[in-house]
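Note sheet for the following structure.
Just so it is clear, A, B, C, D, E, F, G and H label the chains in written order, and each chain counts residues from 1 on its own.
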């Protein structure tokens, strides 16, 4: 920033020709001005700071990053965390929480009002880890959320018993392993976007999530899009973007 | 047969010792006696002659095989046929029929009463070629059959509108491409065996039937088993075996 | 509908006991009342009639279905069409259009105001067939749309030249074959949902779209979700759902 | 149920018009009447309560579910169990058994007569875990069962030594890893349905069961259908459905 | 050759020092002496000239190569040929033959006595193209050969009817598509090496030969080795090597 | 055996008609006479008893099977063994040996003369486990064997330094992971059959042996056939069959 | 460019405050100044204009693009071309050439001196299409090039006969289908970078180039890197970058 | 060497005829003269001794090999090492270092001047293990190196902030997991060769590195070539070859 300001002042004071200034500007932006600025723009617009990915970072690194975020903002989302990093952050800010199943450490804004309704639906109880990751992500990002567990297509009436809830949601996240057929069925009932999350739950030819991934990509019902296997965070984040 | 008879006569007439006869018997059965016998046993028991696979045989070969079957029995099933072989057989036996979509040439028994009810269900209209192959196979093999088209899971109510028909069937064949979720949903409604047939209908990541194949193998509903991609004949044949 | 009315009248007139009526109701809904109703509900809510899939249907069937839709509504969307069906429908309703590259036949509402902005972005010119399918689908469904062609990541500055347009869009559809990296880059610049469409364009190890599909599913930028390979229609439909 | 009864009473007592009642009925069924009813229907028809899947549930949850089933019915089938849950249930009902190899906890009906004959055949001794899962499932569901171990195709005479047993069975379950060829050979000998179960037993290019899965799907003998890799339970359940 | 002779003569005549000669020799062999020599060694030992692969060569190139081989030797084997190249070679040497199914052009030695017995076995009639390629390759290379068609495992008795022939063979080539189980069954009956050739014959999940390839690689019977999909030539060549 | 003898005696003593005897014979062979006999035939011909596969059997079962084999024959081969079963067998027969790297327990015949020469070649030192399995299998089966380690194609001169040894061998087993190119190179130098064994040694895109497996199947040199990934036993067994 | 100049003039003339100018600059660069500039920078540095990809563009579009390039520069490279576009360009500039096998249209600089030596090596004659694409690309980009055909590893001596040529090259491009082993062998002989190009030439389990691709990626010899299947252009381009 | 010398002396002394000598020479080279010589040639040319692969060798073997290399040369590179082998070598030569993350043990030359600039770029912090392997390999081989961490495409401005550094490098190594798009973006900015290394970092459908591998192979930017998944060593080695 300073560099550019100095440059512009030089122009003003006729210490540099316009053509010369032009040449310097051409390479300057990438280092000092443009892109870094865009980044803070984004944060301001979203009302949501950078998410911290816990994997591949040391506990110390994570702690330093999170501390800085908490100081500046009132909210935090840290994925792939563990209990020890949680305990360390807890001492720093009491309101921080930890969800063991989804391995999320998070801090919700005290004042923020929740928007709309994001409904997280799972085919089986074994999908609940991924469901919690989606649910908490969406809630921390400022959305009202609900969870509907264990309504897989093998007993499709369980799903229909909740038809009003389904139709009230603004965005639906459908989480399913094994054959992953639930996304298509849900999408056929509602008129809102359905985000499908294949999970690696299953045996044999589910191939760690490939089977439900293909099922969901091939959904015969328009209105379904897919995120990566087990990527509850991505689904929650995407749903939040839609819900704004 | 003659060889064995001769051998036994030799024993009877003391022209050969029992130990010597024993040695000869050990290798004889595989050539003359045993297995060929089993084969005709099978045909008799099934009340159904050998199915003729049209692929990889010349028109002349197919014609000769079919002629012999028609002479001996009143029924015939020829897969992967074409119009020219049909026309040739038609001259030989007027009651023979040809279904162009499934490429089956067949002759139904005049007198045979149809058994039970095999219901063939498809997810979309594009699956009807495979459905016809299953339907005709099952009918020629002596079963009552019905067809329920275009009841895919994107509008699951279309399926429920036929719930009584579904529950009346003895065996159900579910044929679906794209995401193939229909088999699980049907199986969750009925208490009869469901045979799932993945089809190569679909775009992109359906990978010529791999997507519905995996979906069906990973069905979360017990009571589903699977045959090869597009294998309507196999499904009809298997359903007929169950229905007997 | 009549059946239920008759039943309720019987109750009113004491011609049937309440328990008996209850028993009949339990199975009735699936045949006559419930689900068909839901379906029309959906159409009303969406302001958009059923999309017609052209594949696997005869020209005659397609014509009949489209005629009925055009009569009732002012808009139509028919996928996987061809020139002959277009010519036939053209005689029936002059305003119908045909896009050869995407094989869509469509009729746009005369009066409807377009909502928001859906931006369709492609990595290369060879992706334009899929792009047109997405674009027209979204436009017919009542959205304002724009197309940004040939801004792949091999020359990322081409993309940045349009940064204001990118940031103005409400939803972005990114279409890319080969390595499919464009979706991540776009998502990193904007704060709106990005729908990624892998295409089968590419050579060798792109494996008919598997390479960009995997790239997009593994996007390191949250805010990306994926539809099936070459599924421009699905992307346009999903974007329209978000944009409402 | 109460809601509907109340509604019908209102009609009877003229407290609501028929048209108004109709409107309420349209949305009611999914919540209170229809599907839950269907579910108990199914249980009654099958003479077999819900199977409990042990995976992804806490010991406490499993215990509560099983207790309730045992109270109402005389039989129980719990998959993916372990010794601790078995010991806990054992105190509650002494007749409960545990098969360590297949991880099944089960309770057989005291009085029920066994039907027909389901023959479970394995290619090698290493397939016996999956075989036991199929065998016990079928027995608990009320079928007579037999086990034929280690008759793989590398020494096909071992299979033929049992030809009479094979031909006496009503349904055959063939369990094989490695190359999985046994299903085709067995199917060629008998005239009854063969359910093939690929197992993940094998080395190198068996790819955890993909090799036998493909072998079985491509069986050149009609009369074979396939369930998921290692899915002994699914095979036993499907066989039982056929055997009824 | 001349270069080396010259060099050695120089040593003899003291025109070059031994150390200098050594230096020249170090690089010489690769260009002029060593490997080309090895090559003719091989041809002499094998009694069989280079096989000519027809793919990717022009008709003219093939003709020139074949002409030279025919002049020097009495035998020829040209794969992936066609009728036009055959007709051209026919004029040059009348005894040349062409097998259309396997696309082989070949010339058998007039005098050579055939060795041993190589038995070529196929599962179905559709595998006969590959079988012919194996058969003719082995015969041209000087082996006695027999063909046993259509003895797939769906009717294993057909195979056993020929058990004596199977046991008389020195090497067996088993050719099968679909599930490819025949190799294991044959290997279990004989005590000679079995060469398995998967074929791309089959539907759906045979995936152009992957299914039988995996089956054969995973054969539970030791004594089976595998060549590439549809590679009849490779099997015939390998069998011939063993039979010598 | 007794059953047949009794039957033949009945014929001799006219206690049964020849036709009646014929009927009984038709089903008898499979249970008592035929196949078991074939089995011992095979053992006699091969001069080699059944190989014992250690996987999936209890220590007790293995011990019992091995004891019986050792009593009858002078040789033994037990795969996938461990030290404890070795120690147990050692007490029973002192000459038994154990190779820890290949997990083989074996007993070589004292008197048998070794035949021919089987050369086992590896690309890297990491392939030596599989090499030892092949080497010992071939030696126990009565072949002379040699081992040539670490002559991979990255330094092809290491291979050529042993060209005479290569050309002296009757059969060659080439064991390679990573890219598996060694088999083609070896086969191009010698005129004897080459058995290729892909190993799961390698990183990244070797995919646990798929890369070298495909390399070997696609060898551009005729005279190569392939066994399963890491299947040293299968290669040794197959080589021994050829060497006889 | 003009926009920025205007802006800077405004500063100079005090018509805009420095802070205001800063704000405008932040977004300006991406549209008008920065990246387009970088692009021409690149072209100047490389001495090589944009390569034109012929696929997915109309003949008219290609013609217009090429005309403009030819006017400005003396060289041109157009991939995936055909004869008709060549004929059209030929009229415009006589020195343009067309290579039918590689589908390249190109114009070489008249004056440019060729640098270094790039050696293009193929395993078989069928790989020559890809080889020509690599060769011409490298030559047009200003490199000396040589072609060495048909030196696959099945006869490794053919390669060694050219060892001096191999060692003289600055960069080597190795093109191979089938098993693709040639890259490792070549890399083991030379001390220069080897670029490996897998080709889709091959049968059966070469899977359209996957087999050689995996082989090359897993090369046990460091000094090998890989481009996409059949991507001769990419290899030539990369080699040229190294050779500069 | 001695053998050849003896032979040449015999020629000189007329103790052997030239033809006889010729015959002996034909087979000699492979054992004693040629290839071993080539090998030392290579080491001399490269100024870099053999790299030692730690995998599959005992600590003792590694120690002996490394000791010999250190004695002769001043540099060493040992991959896949561990702390215990490092400690052992440390006692032998104090200047040896160990990088735990990349598992490299190495010794840098004291005097050697570093050449050029190889820039190692990673998409995320989790890719740093592979980055260190590439970095140290290139440095030990005599190159100047720099590391640029965590500049993935989700925030492409982070990359542009370093554009001058990117453009100064002679070779660039781009290391990325997840979607691997960074290589294309970097290549589009610079005019130097980019070596792409896919890593196995990622979740779900990254399939242990297949996703970034395919992305990189399909890069739409020419000037990218790829090494095996996680193969930092291979990338560093290849970059060093280019940089010379």
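The working rule: contacts are C-beta pairs under 8 Å (C-beta built on N, C-alpha and C of every residue); 3 or more make two chains touch, one makes a residue touch a chain.
Small disclaimer: the values here were computed from a predicted structure and weren't measured.
Shared contact partners of subunit C and subunit F are B, D, G, H.
Shared contact partners of subunit C and subunit H, listed by label: A, G.
Using the mean of the Cα atoms as each chain's centre, the chain most removed from subunit C is F.
In this structure subunit B contacts its sequence twin subunit F using mostly the same residue numbers, the overlap exceeding half. Computed from the mean C-alpha positions, the centre of subunit C lies at a distance of 39 Å from the centre of subunit G.
Subunit A and subunit B, compared by their mean Cα positions, are separated by 50 Å. The distance from the centre of subunit G to the centre of subunit H, each centre being the mean of the chain's C-alpha atoms, comes to 25 Å. The residues of subunit E that reach two or more other chains are 30, 34, 38, 124, 155-156, 189, 203-206, 210, 213, 217-219, 228-229, listed in rising order. Contact between chains, as defined at the top, is found for A-B, A-C, A-D, A-G, A-H, B-C, B-D, B-E, B-F, C-D, C-G, C-H, D-E, D-F, E-F, E-G, E-H, F-G, F-H, G-H.
Within the complex formed with subunit H, the subunit F residues making contact are 124-128, 155-158, 160-164, 201, 203-206.
Contact residues of subunit C toward subunit A in the complex are 38, 42, 45-46, 51, 189, 191-193, 195, 213, 217-219, 222-229, 233-235, 237-238, 241-242. Across the complex, subunit G is touched by residues 1, 4-5, 8-9, 11-12, 14, 18, 21-22, 25-26, 29-30, 33-34, 37 of subunit A.
Listed in rising order, the residues of subunit F touching subunit G in the complex are 123-124, 152-156, 178-181, 184-185, 187-189, 202-207, 210-212, 214-221.
Of all residues in subunit A, those touching subunit H in their complex are 27, 30-31, 34-36, 38-39, 53, 55-57, 61, 198, 200, 209-210, 213, 228-231.
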